[in-house]
Every structure is written in C-alpha cells, then in structure tokens.
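Inspection log for the structure reproduced underneath, given as structure tokens.
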Amino acid sequence: MSSNRVEAFSDGVLAIIITIMVLELKVPHEASLEALGNLIPVFSSYVLSFLYVGIYWNNHHHLFHSTKRVSAVILWANLYLLFWLSLFPFFTAWMGENHLAPVPTAAYGAVLLMAAIAYYILQRAIIAHQGSGSILASALGSDWKGKLSPLGYISAIPLAFVSPWISGGIYAFMAAIWLIPDRRIARVLEKEVS
Amino acid sequence: MSSNRVEAFSDGVLAIIITIMVLELKVPHEASLEALGNLIPVFSSYVLSFLYVGIYWNNHHHLFHSTKRVSAVILWANLYLLFWLSLFPFFTAWMGENHLAPVPTAAYGAVLLMAAIAYYILQRAIIAHQGSGSILASALGSDWKGKLSPLGYISAIPLAFVSPWISGGIYAFMAAIWLIPDRRIARVLEKEVS
Amino acid sequence: MSSNRVEAFSDGVLAIIITIMVLELKVPHEASLEALGNLIPVFSSYVLSFLYVGIYWNNHHHLFHSTKRVSAVILWANLYLLFWLSLFPFFTAWMGENHLAPVPTAAYGAVLLMAAIAYYILQRAIIAHQGSGSILASALGSDWKGKLSPLGYISAIPLAFVSPWISGGIYAFMAAIWLIPDRRIARVLEKEVS
Amino acid sequence: MSSNRVEAFSDGVLAIIITIMVLELKVPHEASLEALGNLIPVFSSYVLSFLYVGIYWNNHHHLFHSTKRVSAVILWANLYLLFWLSLFPFFTAWMGENHLAPVPTAAYGAVLLMAAIAYYILQRAIIAHQGSGSILASALGSDWKGKLSPLGYISAIPLAFVSPWISGGIYAFMAAIWLIPDRRIARVLEKEVS
C-alpha cells in the first residue's frame, strides 16, 4: 500500500489540530489592552503547542519521506500518534486558562510524553517494515533528541508540583532543540542517491 | 471519472470529523485531577469514536484502492456514508456528557448502525459498477465482519435500556474485531497482479 | 496555471464547511428522546445544507474536470463562490434554531441565491477563458437547472413571510432536482474523446 | 525536499482558517432583521479577513509555483507565516464584536503587519535558497505592493486611536490593491519557458 494517502490524511489532521487550537482562545468582551494582557498565558500555551505540532509535522514529513510502502501496523501506529496529538488543543487550553497551575501543567507534560512514545513506536514500526538495511534506521543514528525528549517530559511532570514554571521551561527548551532541523535523514538519503 | 478527488474529499471530511470531536471536550475551569477524572466518560466516548472513524478511514482506503473509476451513484453513496459519520461528534458528546445514559447510548448505536448500512450500500454500489468479475466482490469473500457488526449494533440498541454498559461493551468489541486489519482486499489484489 | 491546487483548496474548504455545520448542533443536556425530538428542525436544516454542499461539491468537481488551466479571474470567482458557501453553517443554524421563522428562512434563501449567482459567474469565467469551442459551454447546453434554481430561491424569499414551510419545500425540491446527477458534462467530454 | 507536501499542508491550514472564522459569527437568538443588522460590524470584519486570507492563499500559490525544492529554513518561515495567519479568526472576532473599538482595531493592524513581515521573510528565504538568478527575485521586481502594505498597517495602528474608521479604510484599501492579481511572477515564468 502506498504512503500517499496516509501522508495526505495526516497532513489534514495536523493542519486541523494546529488551527482549531485558536478556537480555544476565547475572544474577550472588553476592548482594552488589559483584556488582551490577561490572555498572555493562554497565548503562550498556544505558541508552545503550535511549535510542537509544527515540529511533529516537520518530523513526520521526514519520516514518511523515506517510506514509500506502509503496512497495517504502520497505519495504526500513525493513527495512535495522531490520537495523542489530537489532545493538544484540550490540554493546551486547560494549562493556559489556569495560568500554568500544577495539575494542568503536569497533564500537558504527560500528553507530550505519550505523543513522544507514539512517535517512537511509529519509527520502530517503519524500521521493522523496512527490514535490515533500513534507510530510516541508519538515518536516525543515535537519535539523541528522540531519547532526551521523553526524559525531559518525565522529569517535568513531578517538577510541575514544585514550580510549574520549571516544567514550562523544560517544554520550551525541548521544543527549541527540535527546532534545529533534523538533517540526519536528509543527509543519509542524499548519500543513498549519490 | 477518476476516484482521486473523491478520496481527497473523503480524507478531508474524515480528518475533520476525527479532529473536531475534541472540541466537544469542554475544558474544565478547575485545575484539579478530580476535574479531569469527571471527564473520564467523555474521554472514553472520544476514544471509542476516534477508533471508529480510524477504522472507517482505513476500510475506506482499502475500498477505493480497488476502485479506479467512480460513477454518480458511488459519489452519492459515499456522501451518504460521510453524512452518518459526520453525526459522530454530536452523538459521542451526547453519550459522554450524560455518562452513558440509556437514550444517548442507544442513539449512538443507531448512528453506528446507519453508518454500517451506508458503508454496505457504498460497497454494493462499487461492486455493481465493476460488474461481474469485480475485484472487490471476490476480495470481500464472506464479509463476516460486515455482517456481524450491524447485528451487534441492532442488539445493543434495546440492551442500552437494560444496561448501557452492555451496549458500550458491544461497541468496544465491534471496534476491536475491525482493528484486526482487513487483509482480504490486499490479498486478492496481490493475486490479481501476480 | 494548473487547476490542481484550486481544486485541492476548494475541496478543503467544502470539506470543512460540510463538517463544521455539525458543531452548530448544540448537544442537549437532557438524556431523553424529547430532547432529541426538539432538535428535529435543527437536524432538518443540517440535512438540507449537507445536501446543498454535497451538490455544490459534485458540480464543482464536474466544472473543473473540464478545466485544466485557470486564470486569476477564475481563481477569484471561485473564492467568491466559497465565500457564500462559507455562510451556510451560520444561516443553517439560524433557520434551524428558530424553527423556520420567516426572517431566517428568507435569509437562508438569499444565501442560496447568492451562491447560485456566484456559481453562474464562475461558470461564465471558465467559459470565457476557454474561448469559442469551449467544452464546458457545449456540455452545459440549455442549463435549465442552473436557470430554474435562482427563480426558485427568488420566489421562496417573499413566500417565507406567507409560510416558511412553502419556502422550505422549495429549497428541498431544488436540492432534489440537482441530486439527479448532471450527466451533461460527462457525456460531452466522452464525445470529445471518442 | 519537494514542495508538494508544504503546499498541501499550507492549503489545509489556509482552508481551515478561512472557514472557521465563520464559527465566530454567533447565531443570534432572535429571528428578526434587526438581530442580523446588529451583526453588520462582525460580518464586515469577516468579509475583510476572508479577503485577506484569500489574497494570502493566492500569493502563496504564486510563490511556491516558482519553488520546486524547499529547505528547512523555508519550511519554518512558512510555518511562521501560518502562525500569524492563524490569529486572524481571533482578532477578526475581537474587532467585529467590539464594533471597531480603537484597541482591537489597532491590534488587528498589528497582526496584519506581522503577517506581512512573515510573508516578506518567506520570500527572502526562497530567494536565498534559489541563489543568484532566482526566478522569484526577478519576478518580484520592485515589489511595490509588498513595500507599501507594511507602511499602511504601521500608519493604521496609531490612527485607530484617532478614528478606527480610518484604520478600517486603510485595511480595506490595502486588500483592494492586492486583489488586482499579481501577474509579475506568472509573466517572468512564461519568459523563462519560452
């Protein structure tokens, strides 16, 4: 089975997730700068989640770039990832509206963690499908980002009860290291071709 | 008429259905674990419906994989299926918010039933269009899943008034048997090619 | 400029319009059949608008099937059509929630009329772009449906103040005549090829 | 990396932005023309933002038409543009519901300005990627519209505190000059081919 329709469907779901988060930004009734200022925590969570969905879209793009055929397992691993990403708008709004209170901030980290695990499962499913000599496996290399991120989220969850700002800082930092584009897959693919 | 644009449009609608269901998850005002705990029935219905839309997308994918040309009848049978699937967010939220009360749980089963019937009609329309020697017809074989599911939903509707949990269990069980991927179509297609 | 991306964008917008209308169906707080029964006018408007968007998607599909290149005028005529279609969710909800009160029912007809005019403009823009010997022009023929529909909507608007049910009947009847698929374009295209 | 999936994802996000703005049009409870009349400022902001998203889609279409390969920088510059465009529904609703009060009208201008800057950054990223002899660079020419627009928004922001109607007029005027389709890129592309 070709990967085209999986990519198209995933693009659709990711495009909707990244956009409907804005519907959780409740339009204030007052026309003042203060009203807008009160929304700063909500806007900050929105920016953070926008970044995360953007990063997932970007990495998803790379992942399927090296995958021409998909199996039923890959299809369901992909849907499992989309499921956790689909919870971003809810937990983003919960954390933002409660101004980074401990429980919602920890819950946000738990969803980030589950999405990271789902992404890892999807990666393994693709590598298993490609068999030995998998382009993706050699492209990933040590995959230090993929290993560091879950550790970051796991530590951020209890730390939210010490200070939610530490957790928020960890989430932002993890996003920042992913923003540096993943050239690994691209590089190995180029080697394959040449 | 080529099936490409039908697939693209269906993918779009399914991607939106699966994602906007999350908008029915109302963000609680309290920042406590209890507030999140109260949402468990709502979350469970969400997970169930996410699974169902995922299964329909998956099966839809297989269905049109063996259909290169579409007729006006297929187009409208497809829209009829999308109509019933578009009601999932509403009935999912109604069942979840009322903690599986009998009427909403029965209504949810009725929508599952109508979607299953619509899917069956779409299947027959494609088979009729392909004529004798239809790839899809031979691929479906006995189609025991397609026949068992409506029976399950029909029995779950009255049982919701005995105990909604039985109905919920039936819905979950029916989703589970579909999760085992349908290799029938893929297998026959491979035979055709070889 | 190729028509591919215009079709993809229009498919996206139409898929969203047809799906978000369901978000206007407010989930009732009671878990009773009566609560569902009260929603019958809202559901009926939803069904009607779902049909109309389905018909527009279907016809749009045929229209661009005979159009490989698009001009800037076609692009904007297309966006103008999408604008009027984007108002369907709002006016559908307004008519449904007010149980077909005269003003919302007339307003719904006005939006249907504006969409029909926008579709006509788009058709003319494509025919003008194709020049003499336009495939679309000969395919449309007398275009009696395209001419009858606006007359229907124009008469339904004042009739809503006599009885909204007459107007509702006219809207349903107009949808019904479009449901009979438009084989004109397909037929002429086939002649061109053979 | 090919630009196809970037275009598809952007199309998806733009299609959703242009359509969900309609969800901010709150359906009035009264079935009277006055109730609809009260919505005129909200509708006007909707029309303005629909136009702007349409213009951005149109220009984005032209931009990537001359770009077959994309870099990581282009990908993120594109996401940065989509971020600012995703804020249109929020600020459109805020301005409309407050009947063009000074602060929301100025804020709307600030979002238009940020989107214009993001578009400019995306343009530069593509030109830098294409290197000397960039098709896009020669196609843009003096790019007077791209330079005039930010100046218009910058002046409209403080003017909103004098009279929001002046700012609204500037926003409408800037949209109008973009409506005249940008034939520059198309023209140069045609020269390249011939």
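In order of appearance the chains are A, B, C and D, and numbering begins at 1 in each one.
What we mean here is this: a residue touches a chain if its C-beta (ideal position, glycine included) is under 8 Å from a C-beta of that chain, and two chains touch if they have at least 3 such contacts.
Computed from a predicted model, the values in this text were never measured in an experiment.
At the chain B-chain C interface, residue numbers used by both copies make up under half of all numbers present, so the two copies contact each other through mostly different positions. Taking CA atoms, the transformation carrying chain A onto chain B includes a rotation by 90°, reported to the nearest 5.
Look at where the CA atoms of chain B average out and do the same for chain C: the two points lie 26 Å apart.
Rounded to whole angstrom units, the spacing between the C-alpha centres of chain A and chain C is 37. Counting only residues that touch two or more partner chains, chain B has 8, 12, 15-16, 20, 23.
Those residues of chain A whose C-beta lies close enough to touch chain B in the complex are 1, 5, 8-9, 12-13, 16-17, 20, 23-24, 72, 75-76, 79, 82-83, 86-87, 89-90, 93-94, 97-98, 101-104, 107.
The touching residues of chain B, counted against chain A in their complex, run 7-8, 11-12, 14-16, 18-20, 22-23, 25, 27-29, 31-33, 36, 47, 50, 54, 57-58, 61, 65, 179, 181, 183, 186.
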